[in-house]
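Mind looking over this structure? Questions follow.
As written, the chain order gives the labels A, B, C and D, with residue 1 at the start of each chain.
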Amino acid sequence: MSNSFGNLFRFTIFGQSHAPAIGVTVEGLPAGSPVDLAALQAFLDRRAPGKSPLTTARKEADVPELLSGLGPDGRTCGSPLTFLIRNGDQRSRDYEPLRYVPRPGHADFPAMLRFGESRDYAGGGQFSGRLTAPLCIAGGIALQQLAAAGIRVEARILSIGGERDPERFAETIFTAAGEGDSVGGVIECTILGCPPGIGEPMFGGLENRIAQAVFGIPAVKGIEFGAGFRAAEMTGSAHNDPFIPGPEGRILTEGNNHGGILGGMSTGMPIVFRAAVKPTPSIALEQRSVDIRTGEAVPLQITGRHDPCIVPRAVPCMEAAAAAALYDALLERRCS
Amino acid sequence: MSNSFGNLFRFTIFGQSHAPAIGVTVEGLPAGSPVDLAALQAFLDRRAPGKSPLTTARKEADVPELLSGLGPDGRTCGSPLTFLIRNGDQRSRDYEPLRYVPRPGHADFPAMLRFGESRDYAGGGQFSGRLTAPLCIAGGIALQQLAAAGIRVEARILSIGGERDPERFAETIFTAAGEGDSVGGVIECTILGCPPGIGEPMFGGLENRIAQAVFGIPAVKGIEFGAGFRAAEMTGSAHNDPFIPGPEGRILTEGNNHGGILGGMSTGMPIVFRAAVKPTPSIALEQRSVDIRTGEAVPLQITGRHDPCIVPRAVPCMEAAAAAALYDALLERRCS
Amino acid sequence: MSNSFGNLFRFTIFGQSHAPAIGVTVEGLPAGSPVDLAALQAFLDRRAPGKSPLTTARKEADVPELLSGLGPDGRTCGSPLTFLIRNGDQRSRDYEPLRYVPRPGHADFPAMLRFGESRDYAGGGQFSGRLTAPLCIAGGIALQQLAAAGIRVEARILSIGGERDPERFAETIFTAAGEGDSVGGVIECTILGCPPGIGEPMFGGLENRIAQAVFGIPAVKGIEFGAGFRAAEMTGSAHNDPFIPGPEGRILTEGNNHGGILGGMSTGMPIVFRAAVKPTPSIALEQRSVDIRTGEAVPLQITGRHDPCIVPRAVPCMEAAAAAALYDALLERRCS
Amino acid sequence: MSNSFGNLFRFTIFGQSHAPAIGVTVEGLPAGSPVDLAALQAFLDRRAPGKSPLTTARKEADVPELLSGLGPDGRTCGSPLTFLIRNGDQRSRDYEPLRYVPRPGHADFPAMLRFGESRDYAGGGQFSGRLTAPLCIAGGIALQQLAAAGIRVEARILSIGGERDPERFAETIFTAAGEGDSVGGVIECTILGCPPGIGEPMFGGLENRIAQAVFGIPAVKGIEFGAGFRAAEMTGSAHNDPFIPGPEGRILTEGNNHGGILGGMSTGMPIVFRAAVKPTPSIALEQRSVDIRTGEAVPLQITGRHDPCIVPRAVPCMEAAAAAALYDALLERRCS
């Protein structure tokens, strides 16, 4: 099902932006696995809005309630973990004008055709970026399991609106916001400490899995591993990473154009990927759309609070998606 | 399982480069679906080697034998289709020297650790590009079903070795080959005629599915949809595609930065994605590797025939992967 | 995952008897499907305890809260439905004595070995019969969709403790209860109105699916379709149901030894199966067990309130399991 | 997909009785697993026809060809195993008369409605008992893995046509055959040596899995575990198996009414189940059917060779189905 991800470590996200709640059920964590709820909360806080002047002011408590699966000793009992986040701060403004007028860059239009009259259009419904909170819960738990295995997942912003100097990220966002506009960016994620031989051939490779997870984050429009698109411009002799003897009998590569993955499997080198995040589609500037009832062109004005740039909040989401994909592959390795 | 792809339209690839055979079992095609074996063969021929001076001279017959699933009327009987390709042309040259010395850029090293002593290292084993033949069988069947629904999938080379002028592709490849080297490239795939509302939210979106399938093609290191990585440098006002009234009451977008997909679902606009294909890792130039038994650096010389550029042969593979992913989503739409 | 059932109509149950809550996420219901919450509650009430003198006095409110997936029009919006039941009535009695002394007939012993020290042993944990409430939510929704398609699922008690006269069921139960003992029974489930051709060959047949679902109800130890075990004693000429012309051009069978299923697919005749429910393992009589810490035999006395016979409450569970399995197959038929 | 079974150990059966071939692809066997092809052949021979006067005379070679997945050392290389059996002995007799006249007790009628005009009706098509040969290949491989783990799976005939004395089985079958009729029977399967704690809660329990697999054998109409349907007539005090100290610190139960499974998980006691096999539907006696084109009653005479009792040949199938289900659960245990 489309709201589920993973095979052995599998999670299922539910809820809509303006439903009573959103949440996630996480299955497949071996019984006895420790889950640090405080650390999980700290991870979720990285995604929460209102943390910086760069992000939306909507104050979501986003303190998930744990409904099941964890014992008093903080370890999984073997039953699924379910987390719940109440949707508290639902501004009473009316989404009704958006019911038949799709917002450019949003899922509205295909959702109208896919789900019909019954679709939940308030606040983006099931397509709301808010649904990345349960993704971060599941991924945050995976991150903890990976950390216990010596594997660290870290994402960072590489560029925002084309600007690659971190000191100018804020300025770029403020400028766009001031113009009623928005910007996107590129996030790079690095995974350190992954032992070689994790991942499967063909459609179960780390690239396949990570890509499937990462495209579950709204606004992601591209992903590349290692040298990525630049590899397409290189010669084989420049792109191939030679194998070299490393410390303690390990075998390393000189360079990491392969991004830590060959044949879908980890090589032991850092796993590196980059994802392109498009600019927030909700902008204050007037846009053009069509009323699907009449088929006539209408101007569209989106009101309310919106992040002029979701890239900062997408950073932990990227870590969460990558961790979920990798931890699933790690479990699979144990029985294969 | 990693050799399988899809949910309702599901195929499972088997075989290794030097096993008795490779093949594929295709499940989920509705009973009564026509399959044109001659057209399928023509599609497979586009992937076959030896078709042009640019590709390897290995002459694989690659005429699959159909074992089951199709009636004398050329329609599926409701049982899985299984196709078999015998591995005829196995040069007797010895892969033994490669057993313990991983080739840079290949799956050898992680495969050694993942599969151990029992791995099949001859000719790339299960990681051989030869396994894209069964992918093309499954995808070729999907292409036919999509065509019957008015959907056309077409891929083309966008650049080779950084060169974007098609008239100079051959020259670029010959130059690399002459230097004992190889080049990669970028392939763009366009899907026309897909009705809006196909695809699912979150992890079942068209981007997720297509990415999962496309990374199943060896050598793919990146994928982007619509404006892709360029979107990360745009403002929202420039990136958002306004909705406009189209002919016959249809609703279109002005521009296609979204690449025909919003919220994981088709919008009715052309679906456009690009994939980065790395340069062929097998090159004639001497490379550096390590003997995993001794941990010592050793020079590595790869002999035999190898495509100096696999991009031309990857074009139909890209169509096949995209078609399989889309057709699966199309079937899913029927019951949802 | 083991807490999930179904392919297109898929539900995932979470929670333990004494966790904060239990619940279920239901995916795959086509957008726009009506869900009648009042009718669902009425269905759940059939399973609830305390409804008759024959069942446990524990008063669970069992009024599920709907968290997501349904619009104000009572129709599914295309996002998963999640239901929550708070575990209110948790008697403070201590389950600690049961931590290391497995109760005969319960899951305790293998759960100790499967889940280790972290297992939740309070109130049966994830193995509690209480988890059939979320099963009934998911199945109850399936029942409504089937009803809309003209398909009716009805289960009834065939025998209790070997007694086949319904008028003596209560007496049989009271007698057992009075002796500190318990009884089981046989439930027969009949599905009327299922069109022919639903279900798939081999492992996706209606028998496979229904059996997989029904064995998810704790205490079920056997299932048979149509003549079932009696078929093993019949000759082919007696067992085969002849085809005969029916009204309105329909084709029926004379007799229904096949139980409405041939080759895993419905024939249009009533689908009939029977399930054996073992006697409640929790009995007041002293039993023998072993302390797994010392390996020594110890007497075991189970206190608290327990149904002397769970068969009456298992009746709606049987309908729920069958409905979920059949509705999943019905959706599958639409895209195949 | 319906032709596939299992999650980690997963096999996909293909082919029809009169297609060029039948076969199976087996995925998920850990790389390096030994597969003894001679022992596998010996196992398949137990299912083969023509071995005794009691079974059909059709002489199928049934010597599968291995296409992939096994190295010269007889160990799996990590790629799927695919086996092929050519359909050699296809009598030229015409199945055309059966095209529109469904045989009682066979899948013909629902298959006509499910698959339409394109269905393969020759020799039972994909519903032929012949498809149990690939099941036995997959299951036979699982049996070998289980044996290596000290687990033994053994099935035997418990009764034929109601007769429970093995010395009179042959007579019972001959009598039925002499009358142009057929008989069914009950098979009991016992699994010894399974460690406790294998299997999952709810829908992933051993009972669920084994039942799902066993109903994939044509003609099975019922399954029961341990005391099974008899449990429904017992009191809890009689049915509950007390735990007792065993040798070497093990914990056993006194009696095995629970059939070695509690809460879906193995207890370490022998796993015991029985399956009801209906009488062969193909009988020489004239039967009544309906021509689906005209809707009129027609007599039906089935010619050709048919087993008057398939129970003996179903014995290894039962072992295969049980082994595949158990081995899948065993692998799952390793990563959970």
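In this text, a residue touches a chain if its C-beta (ideal position, glycine included) is under 8 Å from a C-beta of that chain, and two chains touch if they have at least 3 such contacts.
This structure is a prediction, so every number in the text was calculated from the model and none was measured.
Which neighbours do subunit C and subunit D have in common?
Both subunit C and subunit D are touched by A, B, going by the contact rule given at the top.
Go through B-C and A-B and name the pair with more C-beta contacts between its chains.
Between B-C and A-B, the larger count of C-beta pairs in contact belongs to A-B.
Compute the centre of every chain as the mean of its C-alpha atoms, then state which one is farthest from the centre of subunit D.
When every chain centre is compared against subunit D, the largest gap points to A.
I'd like the Å distance between the centres of subunit A and subunit C, where a centre is the mean of that chain's Cα atoms.
37
Rounded to the nearest whole Å, what is the centre-to-centre distance of subunit B and subunit C, using the mean of the C-alpha atoms as each centre?
44
Could you state the distance in Å from the CA-based centre of subunit A to that of subunit B?
Whole-Å distance between the two chain centres: 25.
Would you mind listing the residues of subunit C that make contact with two or more other chains?
Residue numbers touching two or more other chains: 1, 3-4, 13, 28, 31, 78-79, 111, 114, 126, 201.
Which residues of subunit C touch subunit D once you look at their complex with the stated criterion?
1-5, 13, 102, 104-114, 126-127, 131, 159, 161-162, 176, 179-186, 195-205, 207-209, 211-213, 215-216, 218, 220-237, 239-245, 249, 251, 253-254, 257-259, 262-267, 276-283, 285, 287-290, 292, 295-297, 333
Name, in rising order, each residue of subunit A that touches subunit D in their complex.
On the subunit A side, the touching residues are 7-8, 28, 30-31, 78-79, 201, 331-332, 334-336.
Considering the complex alone, what residue numbers of subunit A touch subunit C?
Residue list for subunit A touching subunit C: 1, 3-4, 10, 12-16, 19-23, 25, 27-28, 31-32, 65-69, 71, 73, 75-82, 84, 111, 114-120, 125-126.
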